[in-house]
Amino acid sequence: MRGAHAHVERWSRGASPLHSLDARAKMIALVVLLAAIATTPAGSPWMFCGFFALLLAAIFFARLPFVAMLARAALVLPFSAVFVAMAWWSAGPRAAFPLVAKSFLSVLAALLVAASTPWPRLLDALALLRVPRPLVLVTQFLGRYLFVVTEQALQMRRAAQSRQGVARKTKDLSRHFHAAAGAVGVLFARSSERADSIYHAMVARGFTGRFPAPTAPPFALRDAAFLFFSIAAALAIRLAL
Amino acid sequence: MKSVPSIAARPDAPSPARKPIVEVRGLRYRYPDGTLALDGVDFDLRPGERVAVFGANGSGKTTFILHLNGLLRGEGFIEVCGRRIDRDTNADALAEVRARLGLVFQNSDEQLFMPTVLEDVAFGPSNQGLSPEEASARARTALDQVGMSDAAGKAPYHLSAGEKRRVALAGVLAMQPEILVLDEPTTSLDPPGQRELLRLLRHLPQAILLVTHDADFAASLATRAVFFERGRIAAEGEVREITERFHWSRESE
Amino acid sequence: MHIPDGFLSAPVWTTLDVAAMPAVAWAARRAQTDLEVQDGRRIPLLGVMGAFVFAAQMLNFPVGLGTSGHLVGGALLAITLGPSAAATVMTAVLILQAFLLQDGGVMALGANILNMAIAGVLAGYLPYRLWGRGRTRTAAIFLGGAASVALSACLALSELLISGVPMPRRLVLVSSILFLANGLIEGAITVAALRAIERLNPAWVRPAEPVRARPLIVAAVTAIIVIGVGTLIASSAPDALEAALSIRGETHSLWLRKALLGLTGMAILYAGLLLVARRFARQRSA
């Protein structure tokens, strides 16, 4: 997942008309679009085409690579595959197709926002849209240390693999199992100590319990216009087609 | 690293007569599990002075510096920039101390905890009461000082060890301290990174306390050195004198 | 177990999104004041622990037949950090997964949060809190791990069924057995991991404080489990639902009736979980 994510992270640092829009506007537009997609009735292929065209246009405005974006969005399909297969078996393709379309289009829309908005701005938008501040801050620290700690785990896994043989007997299985548990313990310990060090570093620079509030850049006319047109487009496709 | 003329030869070398900005007398500290980490430390630091702190791992060096900004509280007398630090020190006095004494930790990843470089360097000034705009301005100045202006919007994860170290230094400099304390700053730095850091530090006006294992780095920066052993300062003197006496460089046997 | 967008029906995801908000707000507030000191120390800890969860999920636990299990972590976090902190961490994990990694839907966040961060965490914590002292300790931890994963999965499946996702009954049964198997694995991993953590530093695992009014709480927990399982069974048996509802004869649309009944079951479940959690919270601060 880390490898795939590196692309999204790189894309999010790009420059395009979509990148420079206020993250709050993009979030709200995303939610409206997702609601429209989710409530699309089963027998309306034209609506799905309409949403797909809208998203393709947005990808164009974000100056993002089409094929890579579509491929990345297609990663959701394996999960859907089980349900799609069952739906097809129970009720034929007309029941299966909407599931594929909805899940794919929803992921594409969310991916578009992630690929056109730097993660810190996304977090700020969440905070400004009234998600509880402690939760946003925890998510912020999570994001910051995610790759640091997962790399630690990868190293431990690699070290274990190079010293362990293949587990054949139950005795081996048990040993490997407990080795993995030990690794979890070490990860936990290091994470706890890391958190203490981080807190010390925060206090050393004057932290007394209050974080600086996110600065909200003023909502420009351009952002309002984008919001208006994207909502209008989503509703138009949903209600008119 | 090339050997460089001792700092004592510089025209602005501190005079011993000036009042110390850090005064420590009889500092003792016991860990929660009972081990005695500091066993009576006496120490002075004068304005503009550069002092190296040597000692084996576990000798108390890091524990000592954590007392200087109140992260740990032991027994004994500590005064930093005229403010006493003990168990009763109030929040305002501590805030003052932390604004005047900046600590650069050994692990830069744990010091750069904000999502972007600029936000992190602005963290200190924000806590000092500056508005977001003023804090950002201070942050940019500090980033200029360490040559990392281009990194302002980057995530710390994408920086090299040397770059992270410089940003951590900027985060401390942005608070405009009088004293800099650096805990093993050359850790994970390659020789060019070490040279760059040395160059930066030598141009700074602050008093510097340098905890390090690197004898050459210390000799190029500091005028004086102390040697920690089992929670006390066992010796004090010129940097080369101390490193030779305690066989503290790679060349001595 | 992360439900993507496009599978849940509108009444389900809207109700769950609305229901998740007070639960999340309450957990976030409690997590911060857990130490009765507002010094902000918990924020970096919870963030780093969220990263720990991701990292721990990458480690392989061989369970035989050439397969490996992985730690999910809800019970582990609840026992080491406390339930409200654990709920906040898991919510943060889900938010990051949805927005940054597109793992799990954005509209489905309410459902995923309630399933995994609220219900899953509480199910992981309650057995430990009730029976985590003395001889029953290991069994309680195991039960917590198992219940946490099994309950989250059952709730997710119920929500999908109520939303009208077609699934033959036999498959529901097979899925339930798989959930149980996953639960057993999680129980075993949680026990082993907690033991390793405790060995490194016993202070990291909170002792299970004695519980007053134990019979009442056990009754509440049992009722919740019954409703949880019952909802799954009911949502997978539309004929029985129809029969039950035609006796009442109040609403008209069959789909709406099914949805309402399923949602009512789940609402009771969630409300029950919240009440139990509140009871524990009040007890601890008393």
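Miscellaneous remarks
Order of writing sets the labels: A, B and C. Residues in every chain begin at 1.
By definition in this document, a contact is a pair of C-beta atoms (placed from the backbone, for glycine too) under 8 Å apart; a residue touches a chain by one contact, two chains touch by 3 or more.
Note that the structure is a prediction, hence the values are computed from the model and not measured.
The touch graph of these protein chains is an open line.
Among all pairs of chains, A-C has the largest number of C-beta pairs in contact. Put simply, the chain nearest the middle, going by average C-alpha positions, is A. Taking the mean of the C-alpha atoms as each chain's centre, chain A and chain C sit 21 Å apart.
Remark: chain A and chain B have CA centroids separated by 40 Å (rounded to whole angstrom). One inter-chain figure worth recording: chain B and chain C are separated by 46 Å, centre to centre, where each centre is the mean of the chain's CA atoms. The set of chain A residues that touch two or more partner chains comprises 119, 140-141, 143-144, 148, 194, 198, 202, 207-208.
Residue positions of chain B touching 2 or more other chains: 113.
The set of chain C residues touching two or more other chains comprises 44. Interface of chain A with chain C (complex): residues 1, 5, 8, 30-31, 34-35, 37-39, 72-73, 75-76, 79-80, 83, 86-87, 89-91, 95, 98-99, 101-107, 110-111, 113-114, 119, 122, 126, 131-132, 134-135, 137-146, 148-150, 152-154, 156-157, 167, 170, 173, 176-178, 180-189, 191-192, 194-195, 198-199, 202, 207-211. Remark: chain C residues 4-8, 10, 13, 24-25, 28-29, 31-32, 38-41, 43-52, 54-56, 58-64, 71, 80, 88-89, 91-93, 95-96, 98-103, 105-107, 160, 165-168, 171, 188-189, 192-193, 195-197, 199-201, 204 touch chain A in the complex. Of all the residues in chain A, the ones that touch chain B in their complex are 118-120, 123, 140-141, 143-144, 147-148, 194, 197-198, 200-208, 212, 215.
For chain B in complex with chain A, the residues that touch the partner chain are 66, 69, 71, 91, 95, 98-99, 102-103, 105, 107, 109-111, 113-116, 119, 122-124, 126-128, 132, 135, 153, 155-157, 171-172, 175.
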